[in-house]
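Working notes, beginning with the structure itself.
Each chain carries a letter (A, B, C, D, E, F, G and H) given by its place in the written order, and its residues are counted from 1.
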């Protein structure tokens, strides 16, 4: 049921229960620990996604995994990818340039999970006309992942323009009263718009994962009908 | 575009943009204000949902709306309902008896929006075998709305058992270190499980609304394929 | 220099220093205390503004001040008004119906201080097209007072549309993660838009007062030029 | 409408809408990103202001912009400046030596935006006679930007001495109960004086920007009258 | 050593250790409990001070203690008083009318403990000239108790004008960002002035008690010298 | 009664009062201070436990204590150990790999104090079947120390499965809404399960110490009976 | 496995798993709901404990349960009690008179669970000699439940005097900086004494429950040996 | 009135108003700024105290001030000292070894201000007998400065043993729930003992300064009598 590596128990059967293999959170792990878990997943023929991998860690282990890709902005490692999700579209938006790394973590995650993704970046509410110029693209999404820092207003505006559900990802971009993203998080939670749910601060992975689960439900439904 | 009632602008065209008519948040409104907005929606042939209506307010206006139903536990008024969503299932779970009102707000909202809903109540993690005995029902859901107070652990456990996305609704049930639900909210946001997104404290409406948007996306996809 | 009423010292000369007579904050004062301060101001030929006066207090003292007006929504008492400010326009916006009382406190204050005021209510960001339909009116303001609760996003959007300064007034409208307006306040403070400054939660008076000071500076400048 | 640099969309037309070109927030940007945005603005004949530029970043790009100035205390880069605002005066005050960098960011911003500025530094309330000795200069301001850390009392005292509006800038100067400026911010927001509005912690730029918008309104009014 | 009343142990010998008899905190006690403790103190020939006694509680027990006085604004009961402190003066200041009850609790406490007290009320920093007009009286104090709500700036200014120590009493007067006095407390703690120490919110009793201990030390010293 | 080392007073008699010798908290002490306290304990024939010793500090003093062991993961130094506790079993569980260091501090502490310990690691609630597969081992514990970060749900589930008391140790593992373990701590405190008490964040030592005191009470009782 | 009462599932088998029957938390339940759960427990021959029952609720249902006792100070209902725990002693201490209700909830709970309990009340640290006069009784305890409000210092002092574990119960007694017991809770968690673990604010029940589990472990051990 | 050094205004006349010359807070100042202020004070024949001077800063300027002393633990520089305060004694206590630097800052400050000081260190409440063994020395103080971290209980116990006022200095010693001293601060503020007032976290200087003001009042009184 799991591959016991001492401190860690790699959950080899997770895809049977959850639909996706275990994804490795790299932040608190050493390069060696990451490599061992990656190898365990490869030994069981799983595609691999590792998040929050600083460049130095990647450089320490990259040579041992020639088949791996490292996405520097997203701070992710991927090997292979999960089965394509044939139906449904995800749109990822962000509010400003500083939200780029979190947005890229979301994009890499969603694509690795098999989603079809469109990214629209730097369309924050301080210049609302930028967002409105993309209204058509936005309305074609089946699920939206909206990444923003500071006062976190973008999901409220986006949600008012679309029928699809919005998953809001607060970022820690800001200072002072931003409280390292806590204000952004709470503001998104207390949004005046319906149709928004929220994940943790800077959790681009989590926003995309939730979105991918939705799209997968759509595709399974369509598959059963076909 | 909107019906101007003085202090309020009833958004008559919202269903064209959002797929659903405007829903009335009754908490800060007087009985008279609620009645006027309800009448405006009826005049434009919209189904009506009003949330957070205390019993006294309902008693003040109920006689004027003989076609209306009042759900006391959920504190909601409904007139008619939206088009049935033919595909997909929502399961609503809660952790304990005290979460009942918030869960019922979720159930009424989801059913009014056209969803097919199953409720499994009082299955909190302190007696984990109760939850596990419903494992099969839970795995058949296409989206789950999980309502819990106190330490808010139920969504983490549920999410580990299913492929579908989980929308977590923290409640203000608890005392002391619970901080009127803030601890519950933050705990759900920082869950160790993937596939969870979160709405505001006691926001059963918001959790169900997000879930209904998902099911509607599925049904629209299926419809286009048929 | 001040009229000594025992517990209070009525600052009779404040208009020489500040340009406006002392304004009475009624919340923590008894009806009797309010009446005594009002009488002291009248005895010195000052126009009177009292804020945060609940209806019962007004009913206890109204008969003694037949020349006074009571604005129920704003919870204010006025007698007379300050000199008209001949130049410059203030626009007051709010996000939703529940922000009405705070907005009215702002309007009464600004008008009593001599400002020319336009109100545009219920134009929150969840339905952004409502706001955009008033873009022309908004751009004619010399100062804007923007009142909003929940995630407090309206000032960020408005500020992006105008050249004039925006004074943001957070309200305590919301629940749960709104933290009785603290989230709204912090979100406005950490706005991504330039040209916004913020006053206390529900402080419609303070927002309007600051705006009136600006308009008065304009008018004094013009007067000196003429 | 905007110059698309990949991750960023430089808002070239902002001065048409806002009256001022886009100002670059340098903190989270790399030296390279800053240089590219600066070049884009120069290519469109805009004056340039970059804030929060550490000395090392300036040293990395300074040679490519021989026409640029770097203000080390303020941590700003400027190239050219906006049109002079012919009427109205801004006074910038601070409470202590440690508030100097934030105050200088305010001064550089205001001067770049065309304002006429006077600075009065180190006049905190612990030695109130220092402030009172500048009373005449203070009363000649049309808008005041008051920078203070710790308990943030200076704006309350200043506002009681003048007719003009006060924009308060809390700083993170202090320790312990200061909570990195949060206490200062909240204290300024809950000031007992009327006529104060507040911007984010250490946001000297934001305070000056708001003040410059006011002075510009005055000048536009006078211009239209002349 | 103590008089055992069941739930309470009245510390009869406290004056031997602390210099003052036990003082009764009435807030959470029933009228009956208060009466029993008062009787126990009288039985042991102690002077009595009870704080935080709402008027209804006083009315329930007043008849049984004909020798007692009730100070309504201060919400205190006194019977007799402690030995006069022959040397040293306490000055109590407050910032505004709403601080009156807390200031009166301080005054009653100090006088009951034997202090010579002068009160200067409603001299908050928004009108700094009021405070400065009392500069001479203030400089004659050997200890000052300074009561203020909102941003709590008064102790900082007072402390800069005197040689004597300042004990600051924050009050819960204010709203919104005042956080029921927490902001006031933290602002006083992080004051830029030296020579200030702080007691709990609305704790007029505690501020006066600390001040009386100081004056008593002075008098004991003088007595030993005489 | 204590060995006076200048800044420190080593409590040599503590084992008479508390049953265990003084344990050294190494975090804020220099290598030299740690060595002096260790020597003082050795001079009085006490077993030694030092916690929170970074590897560099150990390397600076290890050579002087050849009889000492350093546990790198746990960041502890031990010399000798206390008397075996003959009866009762402690089980230490943790939720994930990142909780390993805190768990190891608990294990080293408990074993040094004489406990019989079993460790079951990486059994967090996101994959509940891992925990359930150890149900038998868990039910044999007389006291459980449960270490978890993020939402801190593991103690709630464990406590529902056993008769023995659970001591919960929150860790700072997590980010964003985790608030460096504060959310975890508060969630554990507000658990829906009975039979849980909580120690400080990352305080593996404290959890184990409390557990060892329990087991020692059992053993003393049995000893008295035998 | 459970008795399904609609909103609630009464866990009839809990004593097999946990060693004690389900205990009813009465706060958020109506009198009717409480009565139904009590009847269900009686029908299955369980002893009954209901906590947090206001007097009015008891008066509404007391007549239907003539065999029940109501403890007014503790706000508890009991019917019968669990098997006596033959070995081990619990001592409950509190700091002041206002902690009485929480302490009584602890005492009633512990006695109903079968413990032998001694109570020592009103021995707070402001008069440390009261506590020290009970040193002998305290050292005979096998587990201590220490109830305190305000700064919560009592457990730290008690823990330094005994070999047995201390379970600390913070109360909401205090005001202002006490933050309704949050300060007390955090202070107890960050105690300088080893051997303390903490439960929720005002959770006398939880402290006693944890203590009773300990004593039961002792007794089971002794029983197995006899 | 002040010596204008550009960014700073050295308050040369402060001793006339406050009784003591300006004291330099070194933390945010550069070595050069500190040296210039020191020189300015020396030029006006003032004794010098600089606090929060890291060793590197001292090493950069020490050679220029051969008459200066540097106290490394206290992180202070002194040149000369103020007039001796002939009467009254200060006792400084601390709770543990980690509180040593803050306590030494207090001691250096008090001695420089002319006080007679006794230090009693490492007498925290976890081993209450250590404190009680110093009871006689403590009762001879005319003012006590009590330094403690973690739960901050020491001032509550000390205050219960003495007639003199206690000034409590919270330190940031602790972790997790200690919140970098905020918990300690709030716990001291909400102490159950009367006769305590509190200064900022780690503010040994501030505690001693307040204590010195008290002793100086005593001495002035005695002097006037002699």
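Some points to look at:
We adopt the following convention: a contact is a pair of C-beta atoms (placed from the backbone, for glycine too) under 8 Å apart; a residue touches a chain by one contact, two chains touch by 3 or more.
Per UniProt, the chains are A, B, C, D, E, F, G, H = Nickel pincer cofactor biosynthesis protein LarB.
Remember, it's a predicted structure, so these values are computed and weren't measured experimentally.
Note on connectivity: the fewest chain-to-chain touch steps from subunit A to subunit E number 2.
Rounded to a whole number, the gap between the C-alpha centres of subunit B and subunit C is 37 angstrom. If you average the CA atoms of subunit D and of subunit F, the two centres end up 52 Å from each other.
In terms of their C-alpha centroids, the spacing between subunit B and subunit H amounts to 58 Å.
Counting partner chains per residue, subunit G shows two or more touched chains at residues 17, 127, 160-161, 175-179, 185, 189-190, 194, 200. Per the contact rule defined earlier, chains pair up in contact as A-B, A-C, A-D, A-F, B-C, B-F, B-G, C-D, C-E, D-E, D-H, E-G, E-H, F-G, F-H, G-H. Those residues of subunit G whose C-beta lies close enough to touch subunit F in the complex are 17-19, 23, 87-88, 142-143, 160-165, 167, 185, 189-190, 194-200, 205-207, 209-210, 213-214, 216-218, 221-222, 225-226. Within the complex formed with subunit D, the subunit H residues making contact are 1-2, 7-9, 11, 14, 17, 27-29, 33, 170, 172, 181-182, 185, 200-203. If you check the complex, the residues on subunit G that touch subunit H are 95-96, 124-128, 132, 149-153, 156-157, 159-161, 174-179, 183-194. Subunit A makes touch with subunit D in their complex at residues 97-98, 100, 121-123, 127, 129-130, 133, 173, 175-179.
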